[in-house]
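Before I ask anything, here is the structure I am working with.
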Amino acid sequence: MTAILWAFDVVLAVTLVALAAGVLATASLFRSIVLFIVFGLTMSIAWARLDAVDLGLVEAAVGAGLTGALLLNTLGHMRSQAEFTPEPSHGPGGRLALALAAGTAGLAIGAAVWAWPDAFAGLGDRVDTHLAESGAQNPVTAVLLNFRAYDTLLEIGVLVVAVVAVWALSPMRGRVLDADPPGLVLAGFVHLLVPVVVLVAGYLLWMGTDAPGGAFQAGAVLAAAGVLLLITGRVAPPQLQAIVERGAVVLGLVAFLAVGVAVMAGGHAFLELPDAWATTLILLLESLLTISIAIVLVILFAGGRTDAAHPPEDAAP
Amino acid sequence: MTLTLWYALTGVALLVVGVYGLVSRVHVLRQIMAVNIVGAGVFLVLVAGAHRRPSGAIDPVPHAMVLTGIVVAVSATAVALAFARRLRADADERTDGAAREDEARAG
Amino acid sequence: MNDWTAALALFLLLNLVAGLARVWRGPTPADRILAAQLFGTTGVAIMALLADALDITSLRDVALVLAALAAVAMVVFVRRVWTGQPDPEEAADAGR
Amino acid sequence: MARRERTRPVPADAPWIVWTVVLPLLAAPVAFVLGRRGLAPFAAASSLGVAASVAALAWQVAAQGVQRHRLGGWGAPLGIELHADGLSVLMLVMTAVTGVVVSLHAHGTFGLGGHETREPSGRARFWPLWLFLWGGLNAVFLSADLFNLFVSLELVTLSAVALVALAATRVAVAAALQYLLAAMLGSLLYLLGVALVYATEGTLSLDELARGAPHASVAPPALALLTIGLALKTALFPLHFWLPPAHANAPTPVSALLSGLVVKASFYVLWRLWFQAFPGVAPFEASMLLAVLGTGAIVWGSVQALQATRLKSLVAYSTVAQLGYLFLVFPLVGGPGGLAAWQACAVFAVSHAFAKAAFFMAAGNIRLAAGHDRIADLDGIGARLPRSFFAVGLASVALMGLPPSGTFVAKWMMMRAALESGQAWLMVVMLLGGLFSAGYCFRVLARAFTPPTDTPLQPVPGSLDAAALALAVIALATGLFVAPALDLLAIGAPDVAGLGQDGPR
Amino acid sequence: MPVVDLLALVLMLTGAAFFFAGTVGLLRFPDVYCRLHALTKVDNLGLGFVLAGLALRSGLLTVALKLLLIWLLVLLASTTACHLSARAARHLGVEPWRRA
């Protein structure tokens, strides 16, 4: 058994590095993006191999799905508007020096990794002892939403800042690309697929507390459904003019802060989930986070505000 | 050569390829992909280190760190791509004279 | 019995690697994205096989997510990228 | 073992340490949702709220010593802790004072519309991003956890990049993109250092790292990676390529915030790691290398500033140069008089923030009035903009390090520490740096002495000049308040003297 | 080797054979349209057999139903992808291969 899995690891590792080199070496940009999508898929297999199922789920939803769509969408914008300029890169001498420098740095880091102790529990034992009080059976969810909830709070802040950054970018004057209505088959496909994807997202969210799954996986899958609706013109790109849209974006962050502060009123520390309420609070937070993450990722896909749809003037007075 | 060491070294190899790619290439899309490859390498090193518990179970803290890292990397990539699209849309405006206004303000 | 599923997973991974040649050579962009589509399906199969080989039941959820999002890249490609002008990079390649 | 590492009952008075981070992070999304409705009163209220909580925290630290807060109620290794000691409070006060004054200037600038950014409603875009940046900075200065510092720095970087892109010109968006890519690479190298540390130490808490003896085989490469990542984010020469275009093309108040505060955040993390989390891990040669790079930064930045054609790129290159000073202190901290050098570096960082922000605002005012900021064409305009050029003059005094500015006192302490530890060459570099900064500051000031001409000038709103002048005066006044700052710094200061780094062998 | 496992093994091997055929088709066929056939028909069949084998091995109805859902989703995705790319290729004038 281990001999076969060992061969599997060797082939997987070689494929990963070859794909990475391929992405960066090919002249054609489109070929790079396709190789990058395959790279995301291979990474989710690597996570499966390392017992990291939560990461496998996120990589599958984000790496193979959203990032590929984001890159293709940007290539679409770029290709349709400007010619392809072969890029100047450093001369052969410079590249050789760069390769040597990166290689030696890699060797030094490899040596440091080589010196790692073989058996090492890290904080794993400590997480296991407190898992019962954390309100979640899945240790990764327990770490994300209880032990190190502050990290997740700041991370949701990063997501909201990303949306504000794209929204603050002045409107895009480029023409809207998919003006023509989708064909019969594509419309039917989206019509059939989106409900199933929403169900899968709900399933992942509900599983999150006890098994791999949770807000990020569910949000990313939901966002993929949103991208499909957006691409086929079923949904207009959100312009973040209405308060409701903006409220949905910040919903996860504000809810997280509200829970953290409300708990403090009860004499606990910031973000200290009382044992009795831990599970319900985690589930509440995860649901609101899923909605916010899905909307944020769809807005990030849609990019800046397109001038054609709305005048640049802001909402209200 | 344990599982941990093998995947950690793969991560380091990805890191080296990514950094070399980032520094040597100029096109913005390829630079964004290179940064994501560097990220994938760092995340592999993190998760490989979490697979060394004598009990065979995994250490969830690096997994949570990598999950946070992936979400942060996606949001930064999305912002970078939005900027790239904005630059390209700006390139379009060259034709309708907005460029001169840029140059004038830039001085 | 797990050996067989692990061996099959390895076989499919080798299939995936072999298919990469099409991504590299494929004359038209459609060939490349098609190969990626095939790899998506192969990925679902590998994930399901690993779920059995490594005895991790939740890997099937990963297979489910991969299956659900298999066509996102293709749809974005057809709607946004392949808008028909001759692919300048191919020309650049051919010219070189 | 207690069922849970029960937190000590929350200290009697309010946990200001939590409010300092939570308030801006709460105000930012609300500002985003509000958009332009009732923006001015909300912005004023939230700024004062955050400034008040920083003041309360400062008073609490001064009165009761280092403040700690166990987030989520868990202990150090498993959970994350917030620590507020003298250094973090000084940085928080620096951020609050600079931030409030610059946001006044920004409120005025973005209100003009069309000038700094093509966006008519620039204010509605500036405030959410600035409040996120402020929350991120406060989170960095208070965090005592390696990975939490990564996420906080990422929050700071992304909001800073978004602020740069507010200028919406093609040059600004391109500079923001380069800044984002460089910062992402820096963060990932930092994260790799964190991975190496965690893989052998098993903890992410700075205190536990300081107490434990790090593995000899992994700590040096880990610290090297952390240092390279943070040096890239602090724009230490030769990794400074992204800073000048970003800071020169950003809207003026954004440039002031970036040059004054954002680069200090990643330097602060480097400072914590070298002297508190990993005391004595770095060999003396490594700190000497940092000093040499700092010298390179001073020389290269100053030479570029002397040749700059535009006022804002002159000030941006001056940031690259002044950052070099901060790195000169590394070889001094181990030797005799190390604590004084350690405190001097903090004081320098604070007074540089005030001076640089004031200089940028004044430069922006001049640009607003003249319509351009080409230094050569400012002849004849200087005499007709007395307030703006006076602010430039005051800020230059502080940048050059002349009394009574805080920079002067800091440089004085650094030079004395250099002499005591027998590294006189550092003193020579500092003096040379002061000379250089005088050079490029006078390039600008000389324009005030040219005969006035009648070229048409835009009126500069009073509030903008007032903001620049206020911060310039604060930069000068810091020299008078160094004593209380040093007492504050003594709280929780590491015993740098015993770092085991014997001076030059 | 219990009979069920043997049957599952046979199913999975045929599935793998179809995957192999799909990959060979992808590499050897002359133009886009032929590769479409290789790709979307064969690999779905291959996946179907593999998942059927795995369902047998797991012996649980819930797992079998989930694997069935996975198969149906991939069927839906593959057919749509095949149709879209074929129509787009035809629309953009990619000439089908003719025996010279």
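Chains: A, B, C, D and E, in written order; residue numbering restarts at 1 for each.
The definition used in the following text is that contacts are C-beta pairs under 8 Å (C-beta built on N, C-alpha and C of every residue); 3 or more make two chains touch, one makes a residue touch a chain.
For clarity, every value in this text was computed on a predicted model and none was experimentally measured.
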Which chains lie in contact with each of subunit C and subunit D?
A
Chain nearest the overall C-alpha centroid of the shown protein atoms:
B
Farthest chain from subunit C, going by the mean of C-alpha atoms per chain?
D
Any idea how many Å lie between the Cα centroids of subunit B and subunit D?
25
Using the average of all C-alpha atoms in each chain as its centre, how far is it in Å between subunit C and subunit E?
12
Between subunit B and subunit E, tell me the centre distance in angstrom, where each centre is the average of that chain's C-alpha atoms.
33
The distance between the C-alpha centres of subunit D and subunit E, rounded to whole Å, is 57
Where in subunit A do residues touch two or more of the other chains?
29, 49, 51, 66, 73, 75, 77, 109, 113, 116-117, 120-123, 127, 148, 151, 155, 158, 161-162, 165, 169-170, 186, 189, 193, 196
Which residues does subunit B have that touch at least 2 chains other than itself?
15, 19, 32, 45, 49, 61-62, 65, 68, 72, 75-76, 79, 83-84, 86, 91
Residue list for subunit C, restricted to those that touch at least two other chains:
33, 35, 40, 64, 68, 71, 75, 78
Can you work out from the touch definition every pair of chains that touches here?
A-B, A-C, A-D, A-E, B-D, C-E
Interfacial residue positions of subunit A with respect to subunit D in the complex:
108-109, 111-113, 115-117, 120-123, 126-127, 130, 133, 146-151, 153-155, 157-158, 160-162, 164-165, 167-170, 243, 246-247, 249-250, 253-254, 257, 260-261, 264, 267-273, 312-317
Subunit C contact footprint on subunit A (complex, rising order):
1, 4-5, 7-8, 11-12, 15, 18-19, 22, 26-31, 34-35, 37-38, 41-42, 44-45, 48-49, 51, 53, 56-57, 60-61, 64-66, 68-69, 72-73, 75-77, 79-80, 83-84, 86, 177-178, 182, 186, 189, 193, 196-197, 200, 203-204, 207, 211-213, 217, 221, 224, 227-228, 231-232
Taking the touch rule as given, give the residues of subunit C at its contact with subunit E in the complex, in rising order.
1, 4-5, 8, 11-12, 15, 18-19, 21-22, 28, 30-31, 33-35, 37-38, 40-42, 44-45, 48-49, 51-52, 57, 60, 63-64, 67-68, 70-71, 74-75, 78, 82, 84
Under the definition above, what is the set of subunit B residues touching subunit A in their complex?
2-10, 12-21, 23-27, 29-30, 32-34, 36-37, 40, 43-45, 47-55, 57-68, 70-72, 74-79, 81-86, 88-89, 91-93
For the complex, give me every residue of subunit A touching subunit B.
9-10, 13, 16-17, 20-21, 23-24, 29, 32-33, 36, 39, 43, 46-47, 49-52, 54-55, 58-59, 62-63, 66-67, 70-71, 73-75, 77-78, 81-82, 87-90, 94-95, 98-99, 102-103, 105-106, 109-110, 113-114, 116-125, 127-128, 139-140, 142-144, 148, 151-152, 155, 158-159, 161-162, 165-166, 169-170, 172-174, 216, 293, 296-297, 300-301, 303-304
